[in-house]
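Dropping the structures in below, format is structure tokens.
Two complexes, one shared chain (subunit A), two partners (subunit B, subunit C).
For the complex of A and B:
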């Protein structure tokens, strides 16, 4: 009896935790279930939890509602270009801010912090006008180049670089290593966690981005997946939930796969960014 | 030869930061100045040459328009609701899940999932969940014998519904941060409190809360600034409606962005000032250190 009470408590503890988990996971299961239902099943009461026959055709219907090949390709090009360009820009900048003393570095770094604080929701109107003026409004560039400087990335990597002992760098210099070699062979390998954090962050935020492509694009040719999926409600009718949810699954699956395979790194990256 | 080397040395730090600074100058500093400039004009999108300088007219128009105040109040209510609910719930969950066990880590990863999914998906799923006639939420309420709700479709509950979705999506991240903070508290402090026979509530108020106050403050600030920029869920789920019940500052700017660029820009300047003030307060308080030391 005395042994039984803690056991029962433990079982209830786990049950309540699973209940809590369901609050956050159920909507996604509901999305998948709906995406496989017939239109009639989505109208039934009580709601259909498991479709009688999985309707994979909903996915075809969703994909035929717009140029989803183009949307998908645009999302990949935009996200990867941003990550590559950001890395090329932020690594040298972080190195310079962390390891060189130069006139005006404090002031220049405060500009990085300023950039960190001013959001796209403030700058989008002028940036849109600039892009049209430059004649690149109808390309993918308005969704890529405004993000070339990742202020958060510079900040994070600079902190990381600073922690690498000066003696290591001096020793390498005595060995006649060039600055480029020091950066590539010493600094970067030692900063892998920070680089992974920055890349994951960029991937998640730009793959998911809705606001910026919405205000920057006027034509299907340059739109990413998020916009394509959000437009399903207009093209498919607002009550065709089975098709809308099928499109939604297509949008969520890539990011969920990434999350399932590296949830530990992602969780660590997010915690790290929050505490520093 | 020696001189060349020295010049190179002197230039190098600047050359390395040049691309980053160029990005900031072109895509942050210049647009802000441009925004300020636009806010003083009655801008003609079709023919910019016909734009007319109007001084501060756009700003006085903002102050005179009721829909602006409506958007401002909605944004403030949204921010308040989201911040308070998130802080309280994430703290409760974090205290519950703070022991580092396998199941707790698993639950935390699950709760965190919505945070990395696009707002587009989240909004669509919740639009469906909150559908008044067929949606799952009302089905659950009805099954439990509770009154159902019109959720997003009534101006009384729409803003609250948007808040619920925001809290649901964001909470996993804050649980992670708070759990990490709670695990960072040294056990010896709790042992000392146990020796003094302090009650559980007292330990929580006098030890736990002060010890994690920096993280709580971090969450407060990050969320306040983030909430003032709310747009995606509003655009996806309500389009500011019904009857402007969920119109927020950024959505308001978005609505006016093509028809009235000068006015939208002036509103953008107002948004920037609000965010600036919030950030300033953050750094001031950070300097004073909200901490136990």
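For the complex of A and C:
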């Protein structure tokens, strides 16, 4: 009898996890399935779960519908630029907020909080006008400059840095290490999980960004993949869902790849509880 | 140190790539520096003896054309623009998709404000008043005169949104109306005729219902979640959405609003009407029609093409049933020229070509299922042969005789949102119709007075 209880618990545990898994994975499976169907199959009711003959041609159709090479290149340049610049800005900012007590640090930190809270939908018009005035409206810069910093990143990294013992830093200073060296050789290696998390979240949110590129760009030459895919939709009438889903799979694959590489680090970041 | 310099180099590279990223592409028209340098570059490359003799007129002009056509229609617009560019050496039109109709309006507003707007744009007809009130649309009358294009060349029913303060500010481009799509096979099974009045509609849609226990497996009719269809029904009952002065919404107080929505709720209660959820309703209801889950569909004439190709049953179209009279609103987009354009003559040349040339908008209209907008288009071979093959399209044109738009006002875009709220309250939440409409009326009158 006593053996049964843990067994029942385990079974329920497994079933529950399977249920959660299905809820999260099912939309992706649906997307892949639709991307391999014919147009008639996508419209049928009850819905087709497994296509009769996988239509890989849908992927070709999606790629040929617009300058996808340009879109892909733009997405990569924008997202990577944002991540690199954010790292350069966040790390010193978090370090100073964590380890230095200086006049105005409270005020500056509240500015960071404020920036976090104001949504893009409020600022996009003034920003657009600003970028046009600067004459860079037709480049990729309007999609990069507004995201050069990341409040969430500053928070997370600041927490991490705070957990690093003062004694270590004092010791390094005693050894005549410059602040930069302390940062590079001491703080960063101990914060790898946080850095990976911030990089991944930045990557995902900017790779998937639709609203900001749409309002900041007027020409196809500077648009990223998300806009390219949305252009597959019909404005009035029936959309070709199979082609749109193929486009979406193309859009999602890089994120999945990056995630697979970074997943270990992310779990570490959230589990890490300052074990000294 | 190495890592740091590597990061710096990487950042600089990225920033340079980003800065150079777009500027090789299309050049602007609002930005005079770009136009000047592009013209210089173009005049260097346009080197034929006769052209060099008169240097000021040989520069290739660039016209920015913004549109809202995605998917297959987007490809058709691109093909049309390519036909223009191939036949006009001295003008290059650059067409850019700017999102759906509403997204295009946002883009137009912000770009006009910053001086980076296009020369020509597609503009959903309900927004024309709003833009012309801000005086950003060019008066087209002098241009029409310059090429001898008469207003009478256009189909009257589609000209409703073209004027503002007696100025001609837009011309119809890709227009549509709602129409009744009918699955005649289902009606035939039950020996029913295509309904022509609301009463007949009620009889037919109730007769078509099929149930499996307590679940309805076949509804009578459906329509997308849109203000269009209630608008149609209001005018069919001899009322109008806005009054002439634009101060109130007469359909609320004269009882029409209650008549229309009670009729819809009555049909909904028996399963004669399936009113779809708001998200993606167009796709949902059209899919249901295609699969025989409904026998009658109120939907845009724009879906005719897709339905012809993809249905297995006897498919016909008919006028929307009348209450007191036949009536239909129009939809789709007009084409406008922006007042801020640097090259209005070239812009007009493009617009004129689209509307009068056989290779202009006509093939796009024929393939997409939008309505022909000029009498010349109707007389054309392409349309005539299409109507012979597919008479369902001709019905759409014939219904234009009853086209009437009563929602013309600068305040329509904001009042439209209030109307949607009222529709949701009535159709989804089954709230009391008169009080919901009174609430709507108050809000509408407030917005109209601004």
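A few notes on this one:
By our rule, the second predicted complex is superposed on the first by the 220 of 276 C-alpha atoms of A that agree within 3 Å, B and C clash if a C-alpha of one lies under 4 Å from a C-alpha of the other, contacts with A are read in each partner's own complex, and residues count from 1 in each chain.
Quick note on the criterion: a contact is a pair of C-beta atoms (placed from the backbone, for glycine too) under 8 Å apart; a residue touches a chain by one contact, two chains touch by 3 or more.
Nothing here was measured: the structure is a model prediction, and the numbers come from that model.
When the two complexes are overlaid on their common chain A, residue A:168 makes contact with neither subunit B nor subunit C. Once chain A of one complex is fitted onto chain A of the other, the partner contacts of A:112 are limited to subunit B, with no touch recorded for subunit C. Touch criterion met: A:123 reaches subunit B, while subunit C stays clear of it.
By the touch criterion defined above, A:257 lies against neither subunit B nor subunit C after alignment on the C-alpha atoms of chain A.
In the superposed three-chain model, the partner touching more residues of subunit A is B, compared with the other of subunit B and subunit C.
Once the two complexes are overlaid on the shared chain, A:52 sits clear of subunit B and of subunit C alike. In the superposition on chain A, A:15 contacts neither subunit B nor subunit C. Contact with subunit C, but none with subunit B, is seen for A:240 once the two complexes are overlaid on the shared chain. When the shared chain is aligned, subunit C comes close enough to touch A:219, but subunit B does not. Shared-chain residue A:88: touches subunit B and subunit C both. Once both structures are placed on chain A, subunit A residues 43, 45, 88, 124-125, 128-129, 214-215, 230, 233 are touched by subunit B and, in the other complex, by subunit C. Interface residues of subunit A, counted against subunit C in their complex, comprise 39-40, 43-45, 65, 74, 77-78, 80-81, 84-85, 87-88, 124-125, 128-129, 132-133, 135-141, 144, 180, 184, 214-215, 217-222, 230-240. If you check the complex, the residues on subunit A that touch subunit B are 14, 17-18, 20-21, 23-25, 27-28, 30-31, 34, 42-43, 45-47, 88-90, 92-93, 95-97, 100, 102, 105, 108, 111-112, 114-115, 117-119, 121-130, 145-149, 151, 154, 179, 204, 207-211, 214-215, 226, 229-230, 233, 241, 244-245, 248, 251-252, 255-256, 259, 263, 266-267, 270-271, 274-275. Interface residues of subunit C, counted against subunit A in their complex, comprise 3-4, 7, 10-11, 14-15, 17-26, 28, 31, 33-34, 64, 66, 68-75, 94, 96-101, 103, 106-107, 110-111, 113-116, 118, 176, 282-283, 286-288, 290-291, 293, 300, 302-303, 305-306, 310, 332, 369. Listing the residues of subunit B that touch subunit A in their complex gives 10, 12-14, 16-17, 19-24, 27-32, 34-35, 38, 93, 96-97, 103-104, 106-121, 124-126, 128-129, 131, 134, 136, 139, 143, 168, 172-173, 176-177, 180-181, 215, 218, 222, 229, 231-232, 235-236, 250, 253-254, 257, 261, 264-265, 268, 271-272, 275-276, 279.
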